[in-house]
Amino acid sequence: MIIAMKPEASEEQIQEVCEQIKKYGYHPHLIRGEERVVIGAVGSGDNKDHLHNLIAVPGVENVVPILQPYKLVNRQLKQEKTTIRVGDLEIGGDRLVVMAGPCSVETREQLMETAIAVKAAGAHILRGGAYKPRTSPYDFQGLEEEGLKLLAEARDKTGLKVVTEVVTTEDTELVAKYADILQVGARNMQNFALLKRLGKINKPVLLKRGMSSTIKELLLSAEYIASHGNHQVMLCERGIRTFETATRNTLDISAVPLLQELSHLPVIVDPSHATGKRSLVSPLAKASIAAGADGLIIEVHPRPQEAWSDGPQSLTLPAFAELMQTIKPYVELESRRLN
Amino acid sequence: MIIAMKPEASEEQIQEVCEQIKKYGYHPHLIRGEERVVIGAVGSGDNKDHLHNLIAVPGVENVVPILQPYKLVNRQLKQEKTTIRVGDLEIGGDRLVVMAGPCSVETREQLMETAIAVKAAGAHILRGGAYKPRTSPYDFQGLEEEGLKLLAEARDKTGLKVVTEVVTTEDTELVAKYADILQVGARNMQNFALLKRLGKINKPVLLKRGMSSTIKELLLSAEYIASHGNHQVMLCERGIRTFETATRNTLDISAVPLLQELSHLPVIVDPSHATGKRSLVSPLAKASIAAGADGLIIEVHPRPQEAWSDGPQSLTLPAFAELMQTIKPYVELESRRLN
Amino acid sequence: MIIAMKPEASEEQIQEVCEQIKKYGYHPHLIRGEERVVIGAVGSGDNKDHLHNLIAVPGVENVVPILQPYKLVNRQLKQEKTTIRVGDLEIGGDRLVVMAGPCSVETREQLMETAIAVKAAGAHILRGGAYKPRTSPYDFQGLEEEGLKLLAEARDKTGLKVVTEVVTTEDTELVAKYADILQVGARNMQNFALLKRLGKINKPVLLKRGMSSTIKELLLSAEYIASHGNHQVMLCERGIRTFETATRNTLDISAVPLLQELSHLPVIVDPSHATGKRSLVSPLAKASIAAGADGLIIEVHPRPQEAWSDGPQSLTLPAFAELMQTIKPYVELESRRLN
Amino acid sequence: MIIAMKPEASEEQIQEVCEQIKKYGYHPHLIRGEERVVIGAVGSGDNKDHLHNLIAVPGVENVVPILQPYKLVNRQLKQEKTTIRVGDLEIGGDRLVVMAGPCSVETREQLMETAIAVKAAGAHILRGGAYKPRTSPYDFQGLEEEGLKLLAEARDKTGLKVVTEVVTTEDTELVAKYADILQVGARNMQNFALLKRLGKINKPVLLKRGMSSTIKELLLSAEYIASHGNHQVMLCERGIRTFETATRNTLDISAVPLLQELSHLPVIVDPSHATGKRSLVSPLAKASIAAGADGLIIEVHPRPQEAWSDGPQSLTLPAFAELMQTIKPYVELESRRLN
């Protein structure tokens, strides 16, 4: 931690800061510049919050952290990429993993029709929401356990793995019973009680980036899960909230290579939520692969115009099959394979 | 709902959209402009999501909603302001309500010292976190039930009411046992499972706006609580996330009069989290009152430089007493009173 | 400038960075922490850009600046507030200055009617655009020199001073011939050629904050004008662009006290552009005064529903007169006066 | 334009709005819904600003535009893609065009070394700033005309075309004398005086998106240039400003296919400014091509650690040569060619 003193700070104020730093268990280290004094706090100390509080001490202008606060998910400390096994499927390895399915599980017929079609097109994992976090209480909230059962049935029928969202600690074990991968939605990225609970589950987690969460916050949320015991975490870029209203969100494509630099965890991209617009899904899927993503998660619906949620961004079944053909050469250019 | 057709849309496409609208239980209403056709969908229909899906129909350019989706918290439908009673205290009435206390409950001594001082200075409600949603898993996470007990003890000693945060559905009843008002933090504003549970509790809720939530989303989250049975909701503006890094967040002061226009619920402002900077708390407290806030929530600590969280934005006890003096004439100018 | 090395940086890499620092004319100062080495670069050096480039040197993780880059407008270096004289009017002193008038100068009749009314209501300065920066080329672009002449005529008739926008270097002298204060609009805050030209004019400048400009960038734009010779600069907060769409912009009210802390220049608030909504202008005007603004700039039109631009946010003449009455006690609470 | 009345609007208020609409030269068209009346204003009218002002009429709740305000650059009105010829080079056709060079022209040696190397590596156009819009007045401001002469000299030597920024109307003809393409920087995207002047120049323009400009605003700025007579406009996505601080800006990759949908103009991507980080340039260049870009503009410097500006994001000469090899198969996958 670096503490910059004000130009007019007195010698007494500088000494006072040094004393505080010692009191908190760190060693102060002075740099006397031409305009001001800067103090480095070295050591592991009691609590870095104390150092942040130095901003309140007279004469202090600024307190700047130097170290990254995440450890377990940090690539500086573990160079080798993490791969996550889901049965015979490996995520984060040389296969580009595709998750596909409807936004919401609506009916057995809708789900089975979709599952069979996406499997035939080459998808590896079936997505579908049984618990739906909807902005309005008057919108469809999901089929809940009935939806989970339908997902399990679709898995049995097709051999696809299943990823589905968990929205509250109380349902964690129930969802884990049916799903292969548990998804944390963007709105729950900083639901720390939920993250802690997922840290104790022995199932992989797909952690979606919050709508206005920084990359650092995303990694710290992954660190919550890892530090509570579950290291099987995938990061998912799904678009952030900006001033632009022409798309539903803004896909932060830079996050893909940057997360690969900063962390050893697999990185998945969701071009459907990122754009909210069917026609943009295919170009952004290609771009995500070219930027280094380990996988894609894509909304597909047999009849988007009848979908109970997210119809405008869902691909039809033939459009998804076409997408799988379209991305194939891009996957190969990245020295990866689809199957 | 308004459906705008593309300029080149064919007559068949227009008829197809009209048929869909009828199928969903609405009546189509055509406007033939010089450049294109616009169709209004009138009626209450089955499900407005279906209308959104019309964006996927060939020839459709845009689908624009006209109605506000929140009903119970909408001032158009209930002009009279809601007041919330907490024992002998009324929130949303002619008293400007002040909530004050530390970010985290740390020790009995710290809490009692603060409670006695803020009571003496004129505060009405004691704030203090027992469950702390922290960005990093390595930061202090709160004293949990022990903290709740200390808050209850401070209430007994001072007569202050108590507001504290609940972070997960499972703790809702426990927190409700000790607290007078349950706070939903910014990171949980769209934790819909939690909102539904709070809808079944007979205690007032202080709902903080999410860091990147729109005013409409805030009102829909309040609608979640109200539609599940609990109408005692206060809205809290606590700063939104923007590109500006000179302050911790950006206080959206316009939200205060706008929320008063759009909703009948009381509006509280948190200038501490909004700015993250002690020196800005007092000017923003004055500004919030002048903009029409019903109350303030302010972080106070006996020794901010030793606080376990949020030290840089916490007022000292004398600074808080001074703030109460400073705001008094502004409260009176708004034809309100502090005690 | 602080240079943080990566944990795995070698001793050779550290020495290489120290050599570079010396080569650029600074002195390196090492802090050896438990996890990594941090190097302070002390001195005034040749060019701080060179230090930023150290990010490119192997082993370097981060380069963090410590000093504020603005000097002339920095309150640390000149504690006393700047006041700006416009004839017998002083801005930044104990008078709260009110600028009022239409968005665009449309006709002689419209301008004179407005000028006479705002003067009668107590305004000090007439605003009105003769050159209009409009998002669409098909919108009204302003009366240009004819508009300037009308503004001068309104000044002669009422005694009000005149503030109007200049949009290009080539018109600077022409606008300066007619106006008392030259306004730089939000879209031109980083039109550095224009700022340099205004640095050579002997007329006060009202510098509006760019829609997505940080406080630091605003102060650097003010520094452009000051460093080219013109120290008569007023800063104007007019709302920033955020994800919120319920208001035209988001008024950054924290910027008001923060700019007063960081700079000695007067701070003006524009609640009309900040909100885009007539009903919010009065509460935000009060809030701005309570937050410490030195003045207000407000859009007023005799018949807002016929305005050629910005009708929805313009006050009627009686509404402006009422606003002046409403703000009076708030001005007095701040130990200021309106006339 | 659609005007939504409040639920409680009276019949008189509705008639008043209809009368106003007629007065402005449009035809009112009523839709009576279950909760409220919605009125369409049909026709071309006098001035659409008047319709916006209806928001001020009692009983009106909202005024929603339906039509896109840009015409000349709109793909709905001209399906065929625009190609721009610069000598023997065609932009927007089947060649993926690469512009490369230093941020600033610093010295003859630096520029020639770079020009020769990027030419050898396969670039088509040399970039380099002679007029530099810098945030701080104390940063290097460019070599001005001397820089333009060096660019022209580099063109003569290498056969590369030259793109360089123009920052003020007064220099437009001078820059046009030396450059093949005139660049409008992000900070000048809404410098409308400059756009109008460029509309009268017979040279192609590279229009960079403003840091916080929407896609609609970008297209309207292009419309400014086109409507003043110059249809040779390229759009450039270079990252927008968001809350994320891990990258310099956030590359809005969705803008690439969306701009191709909305407009017939060529779309160029600048991955250097978008990220500010050398290691991200190559993955984002690949992603941009996969998303459908017509070209790239990339910062290259022989010795980035000595660059006078933008060192951290500049590629070395060998890194640029490697990039050209890396992108080749991606270009081919898009059925394009590099040379």
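We just call them A, B, C and D in the order they show up, numbering each chain from 1.
Everything that follows uses one rule, which is that a contact is a pair of C-beta atoms (placed from the backbone, for glycine too) under 8 Å apart; a residue touches a chain by one contact, two chains touch by 3 or more.
The shown structure was predicted, so the numbers you read here are calculated from the model rather than taken from an experiment.
Each of A-B and A-C has its own count of C-beta contacts, and the greater count is at A-B. Compared with chain C, the chain whose C-alpha mean position is the greatest distance off is A.
Look at where the CA atoms of chain A average out and do the same for chain D: the two points lie 31 Å apart.
Averaged Cα coordinates give chain A a centre that lies 26 Å from the centre of chain B. Per-chain CA centroids place chain A at a distance of 38 Å from chain C.
Shared interface positions of chain D, defined as residues touching 2 or more other chains, are 212, 241-243, 245. Those residues of chain C that touch chain D in the shared complex are 20, 47, 49-50, 52-57, 69-70, 133-141, 167-171, 187-188, 190-194, 210-212, 217, 220, 223-224, 227-228, 241, 278, 304-309, 311-312. Listing the residues of chain A that touch chain D in their complex gives 212, 214-216, 240, 242-247, 250-258, 261, 274-275, 277, 279-280, 283-284, 286-292, 329-330, 333.
Chain contact summary for the complex, chain B toward chain D: residues 2, 4, 6-8, 29, 31-36, 38, 40, 42-44, 62, 64, 66-67, 76, 212, 241-243, 245.
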